[in-house]
Amino acid sequence: MKYIDEFRDPELARRLASAIAAEVDPSRDYRLMEFCGGHTHAIFRYGVQHLMPPNLRFIHGPGCPVCVLPMSRIDHAIALAVQHGVILCTYGDLMRVPASERRSLLKTKAEGADIRMVYSTQDVLRIARDNPSRQVVFFAIGFETTTPPTAVAIKVARAEGLQNFSVFCNHVLTPSALRTILATAGPDGVQLDGILGPSHVSTLIGSQPYAFVPREYGLPVVIAGFEPLDVMQSALMLVRQLNSGRREVENQYTRAVTEEGNRKAQALMAEVFKTRERFEWRGLGFLPHSALELADDYADLDAERRFPVTLGESREVKGCECPAILRGVKQPTDCKLFGTVCIPDNPMGSCMVSSEGACAAYWSYGRFREAPAPRTALS
Amino acid sequence: MKYIDEFRDPELARRLASAIAAEVDPSRDYRLMEFCGGHTHAIFRYGVQHLMPPNLRFIHGPGCPVCVLPMSRIDHAIALAVQHGVILCTYGDLMRVPASERRSLLKTKAEGADIRMVYSTQDVLRIARDNPSRQVVFFAIGFETTTPPTAVAIKVARAEGLQNFSVFCNHVLTPSALRTILATAGPDGVQLDGILGPSHVSTLIGSQPYAFVPREYGLPVVIAGFEPLDVMQSALMLVRQLNSGRREVENQYTRAVTEEGNRKAQALMAEVFKTRERFEWRGLGFLPHSALELADDYADLDAERRFPVTLGESREVKGCECPAILRGVKQPTDCKLFGTVCIPDNPMGSCMVSSEGACAAYWSYGRFREAPAPRTALS
Amino acid sequence: MTTDRRFPVRLDLKNGTVDMSHGSGGRAMAQLIAEVFQKYLNNELLAQGNDQALFMPPAGRLVMSTDGHVISPLFFPGGDIGSLAVHGTVNDVAMAGARPLYLAAGFILEEGFPLCELVRIVESMAHAANAAGVPIVTGDTKVVERGKGDGVFITTTGIGVVPDGIAISGDRARPGDAILVSGSMGDHGVAILSKRENLSFGTEIQSDSAALHDLVAAMIDVAPEIRCLRDPTRGGLATTLNELAHQSGVGMQIREQAIPVRPEVAAACELLGLDPLYVANEGKLVAICPAERAEALLSSMRAHPKGTASAIIGEVVEDELHFVQMETGFGGSRIVDWLAGEQLPRIC
Amino acid sequence: MTTDRRFPVRLDLKNGTVDMSHGSGGRAMAQLIAEVFQKYLNNELLAQGNDQALFMPPAGRLVMSTDGHVISPLFFPGGDIGSLAVHGTVNDVAMAGARPLYLAAGFILEEGFPLCELVRIVESMAHAANAAGVPIVTGDTKVVERGKGDGVFITTTGIGVVPDGIAISGDRARPGDAILVSGSMGDHGVAILSKRENLSFGTEIQSDSAALHDLVAAMIDVAPEIRCLRDPTRGGLATTLNELAHQSGVGMQIREQAIPVRPEVAAACELLGLDPLYVANEGKLVAICPAERAEALLSSMRAHPKGTASAIIGEVVEDELHFVQMETGFGGSRIVDWLAGEQLPRIC
Amino acid sequence: MCLAIPARITQIDAAGENALVAIGAVTKEISLALVNDAAVGDYVLVHVGYALNKLSEEEAEYTLRLIEEIGLFDEMQDTAILASEPPTGHQA
Amino acid sequence: MCLAIPARITQIDAAGENALVAIGAVTKEISLALVNDAAVGDYVLVHVGYALNKLSEEEAEYTLRLIEEIGLFDEMQDTAILASEPPTGHQA
């Protein structure tokens, strides 16, 4: 596959690994936060950490939309499905996320609620058209990457006059999370030397929104693609900035990211959404101006308004360290539940659900670190 | 079972058979119409005809509510289920009745309509209570026996304020059918010498409504129970009336039928229903004042008003002799379709559906007449 | 309990439900198999842990039979879908005169089905299989989305070995043969009906669901000349006799008064407008044997605890139309036809 | 067509649908069996017309295996539920090194299912069974109400005979053994997914659904020392290797670059965010054999039309944790875990 | 359709609305909405879950006696005396 | 969640709203609602059924050349000359 396979080439990986090994200063640490779950996934699936020198460490960031969604929002979605009997449509990643009282969308569906996995917002529109007598709610979630497709669907629904379509909006804003991480970094928080900036988010918002990072926090940023060579090349670029004392926003992912981003999509988002006063992020707390809701002109398509629900208090699982992991201050293995009661088949926290979650990636791909080195009978 | 087994006693049957054989006048015919399908069923299931002398013949009447329901009403019920997506509740007997274009409620259900068999109108009320967001229509059918339970349900629904309950009313009136049969009897119609009057219908309406039969048509009537001894005793009573020249309404079924009937049930019916101007009966055509619809006070519970439907023209199956059979002028074996394409598994007419229908009874219990006499290897 | 390193968290068999992952082929399915199926059905062959069971059969002809079980309700007086799934297939194997050896069981579970009910069912299967001495040696589990199944369906397949000298088949009835049944008709169907929401009525009747291979063994001991055996399940006695009449190209003449029917079954049938001859049985058999062996066979059946109410109910006759005819208890005569339409849906 | 006196009117196989009466046990069911199942599956044993099939097995150890098939959609590129139900069970029998002898098939039909589709499926089963030389000798039909099933479920059970001297079982892998696969991974799952309403994409990929017993026969001819055989169906290669590692108490070390994956499958997996190692196959097998026999075995597999793309993908290692580890194509190393959750519901 | 069978009332609920009836050893809950003055021990005709009417035990016995006597009469050939008297309240 | 992959546009519908894209031998219908001026032959990043952005082939090649040269650089140890020039319009 063009523009995929080339960026997974083992020979080039070897060369990049050698270059990084050659260029790192052995007397210092390179603590690089990969912002996105996409990076995390690539690092684990392809074994990238393996190819890095010991003093270059990837620290997993909060850039997994599923991971940062607070439990209360899953509870809310369940309430929509159960209390209003709507058809609740959502991306597959959300199905297993733990909700209060050991519930989840999956269990709620198994108990009879009409919850459907969709691949695209276009599927939601089709479902709404096909079920005129039912209310169809799209459980919208995601960063700026996934927000424009929701905006398109909202505009189409409005244009078609679809009365039974609405959106339970959980879109969040990347720069806000990044700012929070950096604001709490330091002696009590995560200690960072550089940032691998968002990949596909940046195709939409451009590289410009990260300018505050070097300016206000003195850290280098390299916007990094999601293929393993992208991650490695970006790591090298960060090493070079750090070695040379530069603190800039660089763009490794030039094939898809420009400075200004996708203006058409940005305009669409600006029309359909407005910024929430505040929104809760798992691990980061309530962040101001960190999420979107439907703009006033589209408020009638807002499922939160259309379907009032009764909610109990949401209670995170005791012992789950997702919040600290999402802030980069703990690792999955620091969690007592990791691999004991919490495994992907029985996730206790959101980081064990998505394949982009640090705990899930660590469990599924990384446990070999715990295993004794394999001894082959022949070798 | 008390008051059941006693009336199936083979020794008493033998005695009754001897008495009838002894008392019939060999020089004449006794053509006795058993009005009800219940009689027909008993005659075939217990082999009663077998025990009669050759000149006493039972002629099957129109007293099978399923048989006399015109196809257009099944089409209407199907349209209610399909066009309005209601939960259509009905007694099991109706499921296989042929509708236009080879449809039936059973096929419509198999295709996805929500059609449910019920045992009692109380089940319909329960379904309505359990499904407040769905409309529940009771496909009501039956003679005066089955009408009062519908009336009770209507009154309960009104009292409870059940907004989602309504009735598609097809209750018909026995005396009207009897009058039509008699009016068309004679050289061109069925030739009759006496009537076995309705059993359970009469428990409700009493014996009085049959007074017109001897008075206007000069025929004896014996109200007959549904057990085989009841049928045989009633036949004997008719033989005796005929032999002695009497023409009266006699009551064999005194254990359940009085002259005035069930006044409480009659009052209920009078309150809840009113007589239709005319109604179509399969085989008998449109008969004036022959059926019920909901009284004006209950018109809001009338499914025909609540759910307007679009109906095509109903077309009876070509070659089906049900109409003539229901008038008593033909026998099942007179129908070319009988046993060729029309069998209970593939009924072409309503008389092949209900176990009280003449064709079904004849096929299921009576085909031995066509079989060569069994020869056992031992005898 | 030893812990299996594959499954850090044990299944919640009390409050848990089946979800799609239990049919995924992955870890969740392996766990369901380990903690439910292998645990309760536990036997050496199943413990091989392969996708097939391997065994050395005894010498002789084998029979193989399969039956899906889709009964509703899943739990009923006298049994449940688990015990039924064992008995139903053991009996079909036994109706060849065979000694049942092994069973295979395929489960189709509906998403959302409570694990506690699944455990009850699997325990009941294990109990029935142990009691019959016929282990469940291999299995399969699938899960379908809610609304695409009905709790649980179980398809069992059995194999058995036919003793030398036995030739039992539906096509071997001959005019003059005697027709026997091993007990009262209609108990199973009436027990099921009594629990159907829309029909429910009160009765002490229990399903007769039972494994009949030991009764069959006793029968062929005494009368190896038995021609036909069949269990009158769906469609009841009436349909089974019609099947045999058709298969053998004969007619049958039976006597209503000779057919055992419990008074409660008769009463329930009156209430519902049913004919007991069409109501299902799950622990009874019809046997056809040469007339001269009928009395000996009857005695052997009556001597067996599962055949105490056995009776000779009629005889095979010549009839080109293959009709089953009956002298009614009332003294008349009528045809007993195949079941038309569906008398009782989802009875087995 | 001869007319059967029992059925004056033939089934409408063009426009008709399944209704509850087809599972009633009565005349309608007998007709469905006669005019669909017996007609197409037609063989001597099925024609015995009893509730069980009777046969004389060849001498030797037997295996028995069962699998339910609940795939959605019912018809897919490269097959349908009918052919799949034959292949799926033939393969499970063959994975013991056995020669499959006979199949039993249990159908659970949903009310309203078009008879024309049922005929297509049964014809396809007949074709697959004939091609494999493994007749369907007994069966069962149940009908469930609309909304309690999903068109048709088919549970097949197979028996087969294991040649003397063959001992193939999931617990026999030993450190040092070679791990082989018989061809490209993930074709079946991707073909199914391409037809799912919400995911549909265009591809030429066909399911690999195929009966592998002849390939197995060729393999054990050359390498009777084969230790394990398993078809990597639900859960894919990854899960199958984990199963075998667990069962044998070993670890495995595989090389991503050695595992055959078609470019279309890789592309579809990229599109959907799937890993081909977890995607189902229905015409492939995993074999484990002593290292010294691996090349000979590989040659025999490649020489067989169903194994042309066979490859040695790794080796069995000692590992107390029973991990499957993989050298990634990228040059890193990672664990290959059991499938977690459900990757692809209703794939078989 | 007009299937109705005799059943004996074994219990009546406090409101007098529903009854438990026995048909042999089988019991069934039915509605009494269509009958007046039904009492425990009474026989009623049960149809689609409702008591349609009370059943007169005296009349039932009388009918049976009549049938039995028809037989006797028949067997005695010419004896024309009917021994049974109609119960009080016997109705046409 | 942010999974997106490069795909080549092979067809665009008359309205310019939807496109057929190819990922290797696999094709998929997607919406073009989020991009301007997409043409057949262009590569786009596909995410949840939408083209998110056009992909610059020149930039992709340039990135790969850079990586290759890093390797060469590494292998040549001290040679600091980068042969590749950024494409016109190279941004950020």
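Letters A, B, C, D, E and F mark the chains in the order given here, with residues in each chain numbered from 1 onward.
In this text, a residue touches a chain if its C-beta (ideal position, glycine included) is under 8 Å from a C-beta of that chain, and two chains touch if they have at least 3 such contacts.
The chain list, named the UniProt way, goes like this: A, B = Hydrogenase maturation factor; C, D = Hydrogenase maturation protein, carbamoyl dehydratase HypE; E, F = Hydrogenase assembly chaperone HypC/HupF.
Quick caveat, the model's predicted, so the values are computed rather than measured.
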item	value
Intersection of contact partners for chain A and chain D	C, F
Touch-network distance, chain B to chain D, counted in steps	1
Result of counting contacting C-beta pairs for B-C and A-F, higher pair	A-F
Centroid-based (C-alpha) most distant chain relative to chain F	E
C-alpha-based rotation, chain E on chain F, 0 to 180 degrees, nearest 5	180
Centre-to-centre distance between chain E and chain B (centres being mean Cα positions), rounded to whole Å	22
Euclidean distance of C-alpha centroids - chain A vs chain E, Å	77
Distance from the mean Cα position of chain F to that of chain C, given in whole angstrom	64
Whole-Å gap between the CA centroids of chain A and chain B	69
Chain C, residues touching no fewer than two other chains	19-21, 26-28, 263, 266-267, 270, 273, 321, 337, 340-341
Residues of chain B engaged with two or more neighbouring chains	1, 4, 14, 119-120, 123, 343, 345
Junction residues of chain E, two or more chains touched	3, 5, 23-24
Chains that touch, pairwise	A-C, A-D, A-F, B-C, B-D, B-E, C-D, C-E, D-F
Footprint of chain E on chain B - complex, ascending	1-4, 6-7, 11-12, 14-16, 18-19, 22, 36-38, 63-66, 91, 93, 119-123, 141-143, 145-146, 148-149, 152, 198-201, 203-204, 207, 226, 229-230, 233, 236, 249-252, 254-259, 262, 264-265, 268, 354, 356
List of chain F residues in touch with chain A within their complex	1-6, 8, 23-24, 31, 33-36, 43, 45, 47-50, 52-53, 55-57, 59-60, 62-64, 66-68, 70-75, 90-92
Residues of chain E defined as touching chain C within the complex	3, 5, 20, 23-28, 46
Sites on chain C touched by chain B in the complex	174-176, 198-199, 251, 253, 263, 266-267, 270, 273, 291, 315-321, 323, 325, 328-335, 337, 340-341
For the chain D and chain B complex, residues of the former touching the latter	8-9, 17-21, 26-28, 31, 111-112, 146
